[in-house]
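Heads up, there are several structures right after this.
One chain, subunit A, links the two complexes that follow: it is found with subunit B in the first and with subunit C in the second.
Here is the complex of A and B:
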């Protein structure tokens, strides 16, 4: 009885995790191995790696993979860097600090689709207007670009811009509180020793908040790899046609898009994403452990 | 390097509306002699840390001037004052080794003061040797004990050979045994380097044991400055008398009438030349002599024998500091008569203070016995 008691306490959590996390995960693995699965008749031909082979040869998946990687590589360092810059600036101002903090945090509580709408107004060419950004470009003598239906780089730019803008508030919030938690004495000691501001930042501030920066990078990678709603908000639901699909978008399309009904391909794609995220997170953790205090 | 504080005042604006400014340091005038160890002593909130911050330059005074020898440093930023500061929290950079921590101040030097890597290493090792941590140079702070961290902090403050060394509550984060050891260590380091040192503490025993001079403060006002024994023997007022000494001084309501001191109607001591007035009487625990027909009778509560000494705890209705603690030699046998115990008093250990201002009133009998 004594040995059972701890398990009894754990039971509710284990039951929920089992039903909603472990079971679906195993199920996805099973789906991904079932070749030619038919969701209507619930039958399949055989077991093997065909689904993975199919997905990896699907040009739409390759496009989605490329898009996702570009998005991750550009937005994670950029948003963390800008977030740090803004957090340091916020930390050093005295007046209206709370006001600015609130302003910077606003995007976090704003609905993704509403933000998408605003970005449409800024970037989309319609019959009536070229979009605010294009108007600006034209007034400065440049030629406008269709950011939503135009060339690939323009669309990617908007997607990256949007992503950075959406994830920034959370990073600023975490980093300002990390900065505020650094013991004031370190700065006083540095001041007595005549340390330059630049050196204080690199030698004291940055190492002190490095655990938080690593946390943001890891969650940033994971979040960016799972990007989907941002692309939908900007380019609509037919992401394959726009050439702006992401891996999660591909999984969704395989399940429900255009009639969908390919859970095996979706599962295979999802597992590939899982493997990528897992690898990158492990690498991140290894690096952070090496550089940590 | 001697330090002179001249009319030094620090006011903070009040937090609540229409409130008065908070005066943390109020018109300080004193001189810290060259090469001495000075203890700034007072209860928490008395402005001692503010005084230290003013000397270091981390805060600037509202009024007044600070001199280091012949230099007016009032408007100098901390890095140009040549001070070393040891923080209560030590403020050692946790991601750096001991060596990197000690070398950090040297790496900030620019222009003609810039040192070669070898010179920096050598200086860091010298400083480490001074505080006897030369074997721990490659450790991280978290791999060290509190006492060792404290030494690293001192080494870091000393590595640039500051003109003044400042220590903010240097011992308060250490356990009792280490505290004793470390305070002797601080004394030794200070003697070896000859650097004028100011340290802040709320522990009177700590201040008295190692300081050349102590500065007693209360609510921003300097109460008394002097050699610890002198301040203990001749406190200027009731506050200083109460703040110094363990067990604390016993305080009574008393009255001077016709050159005699009365406590609760008992004529206890001759205080010639003092005007008739109600007074506060402070009697040091060591000021009592057991005597069967002594003039001062109190009700015995208990006797605590502590090896060398015996502590006699008794009661008196006019005692305002709780129970009376007196310390007598253990050779004496304490005999109570009807639950009472009688004492004779040593005039040198009995201070009388004005009822209104708390200022001590000297009387001739006291001088003769010192």
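Here is the complex of A and C:
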């Protein structure tokens, strides 16, 4: 009885993790190999790699893959860079620092779907108004463009802009606390030597916080590859029609919704995504280890 | 002579310091503006009348005749109150159930001795690497086969455990001196009593942080509720707002839509204003978005 007691405490956690984490992990691999799976009769007629071949040839998946990669390549460096800039600025001031920090963190706690609607009406062109952003562009002599239903790059721009807006709070928070934890003595020593600010930043600050920057780049890549709800907030649930689907969106569309009912294709796509994320994380870790030696 | 030269250099460096400061503040104010502007815009639009909003080809930055009609519409024309209540029920039950599960297992990992404790804990930690997207497919099928679609049980069950919070709480429990536990054992206190009378009160700050973060997560969850509910009576706010966008309010009534957005955003903003220190400290200890 005494020996059993610890397991009694752990039972709920083990049960929930077993049913909703471990079993699904094995199951998703089985699903991805079952060819022609029918969710109504729960039968399949073969085992193999057909599902992966199907997904990789599906134009919707290729589009989703392309969108996701563009989103990742633009937003990860951009948000990390801007985050670093803002964190350095925050750390150099005393007055109002807390106020600014609190304001900058606000987007973290807001509902992505709800605030996305505000971005949509700011950028959208309708019959009765061009929308605030287009009016601004026109006052500065540019020509307006429908960012929500218009050309691909306009849509991609809004998606990237909104993504950066959503992910920045986390990066600013982490980088500000990383900067604050750098030992003051290094700066004092550099000041006595008359080192320029720029040099101090490159030779002291950056190396000292580089582990945190790598942490943010790795989590940033993982997060950006899973982009989905930001796109839904801006372009609606039918992302394939808008040409703005992401890999995760493709998985859910395959599972459920208008084109849904194909858990095998969904599983194959989810495993492809997992493989991409794992590969990129490993590359990131290798680079970060090499630079830190 | 050398003295004035020194003064000159000093003055010059002071001047460049001041310019740098001004540029810094301008930059920070600019970003604060970009962060706050959407919030201003949603509140502003939500108090404009339907006709005045639609007649403004160039949107106005203020309104002289604010109206609350849009809020009335948001609660009467679409079941916003229902979405709100559903989300509240979902958030409270999920968070409460999760707290029980993680407190029990964190206690076992931190204080009880048993065979395979470290191995099991490492296994738990390794589960943190598994992305939600990978397991959600089977969970969807499991819940559907159990006939739990469009029920609160189906919504809540998969979000009850969090390995990350078990880890966070275990670290916290371990900081409580073991002597306390041994003394309690000598006095004949049961494990459960010790857990509730000593460990939980001491770890209260961490538990409060975990509670707030989980409530935020529940309030914003979208993907799982979307898969598991297609009956409006069980929609959470994220799905509700999406439904409002796609077929609520008949004609595109953007002011009413923004009123709904404000109503959905207000609880979290209030929570944030009260607990912003706790939330930010909790997130910087290892949270990620979503």
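Worth a mention:
Here is the rule we go by: the second predicted complex is superposed on the first by the 273 of 293 C-alpha atoms of A that agree within 3 Å, B and C clash if a C-alpha of one lies under 4 Å from a C-alpha of the other, contacts with A are read in each partner's own complex, and residues count from 1 in each chain.
Following the convention adopted for this analysis, a residue touches a chain if its C-beta (ideal position, glycine included) is under 8 Å from a C-beta of that chain, and two chains touch if they have at least 3 such contacts.
Computed from a predicted structure; not experimentally measured.
In the superposition on chain A, A:208 contacts subunit B only, with no contact to subunit C. By the touch criterion defined above, A:56 reaches neither subunit B nor subunit C. In the superposed pair of complexes, A:22 makes contact with subunit C only, with no contact to subunit B. Contacts of A:130 after superposition: subunit C is touched, whereas subunit B is not reached.
In the overlay built on the shared chain, the residue A:256 is in contact with subunit C alone; subunit B does not reach it.
In the superposed pair of complexes, A:154 makes contact with neither subunit B nor subunit C. Here subunit B and subunit C are compared by how many residues of subunit A each touches, and C touches more. When the shared chain is aligned, no partner comes close enough to touch A:276: not subunit B, not subunit C. With the contact threshold set out at the top, not one residue of subunit A is in contact with subunit B in one structure and with subunit C in the other.
Those residues of subunit A whose C-beta lies close enough to touch subunit C in the complex are 3, 5-7, 9-10, 12-13, 16-17, 19-25, 27-28, 31, 39, 85-86, 89-90, 92-93, 100-115, 117-119, 121-122, 126, 128-132, 135, 165-167, 170, 173-174, 177, 219, 222-223, 226, 228-229, 232, 236-237, 248, 251-252, 255-256, 263, 266-267, 270-271, 273-274, 277.
Residues 56-58, 77-80, 83-85, 87-89, 91, 93-95, 104-105, 107-109, 140, 142, 156, 160 of subunit B touch subunit A in their complex.
Within the complex formed with subunit A, the subunit C residues making contact are 20-21, 24-25, 27-28, 31-32, 34-36, 38-39, 41-42, 45, 54-59, 100-102, 104-105, 107-109, 112-114, 117, 120, 124, 127, 130-131, 133-142, 157-158, 160-161, 163, 166, 191, 216, 219-220, 222-223, 226-227, 237-238, 241-242, 245-246, 252, 254, 257-258, 260-261, 264-265, 268-269, 271-272, 276, 279-280, 283-284, 287-290. Residues of subunit A touching subunit B in their complex: 183, 185-186, 188-196, 199, 203-204, 207-208, 293.
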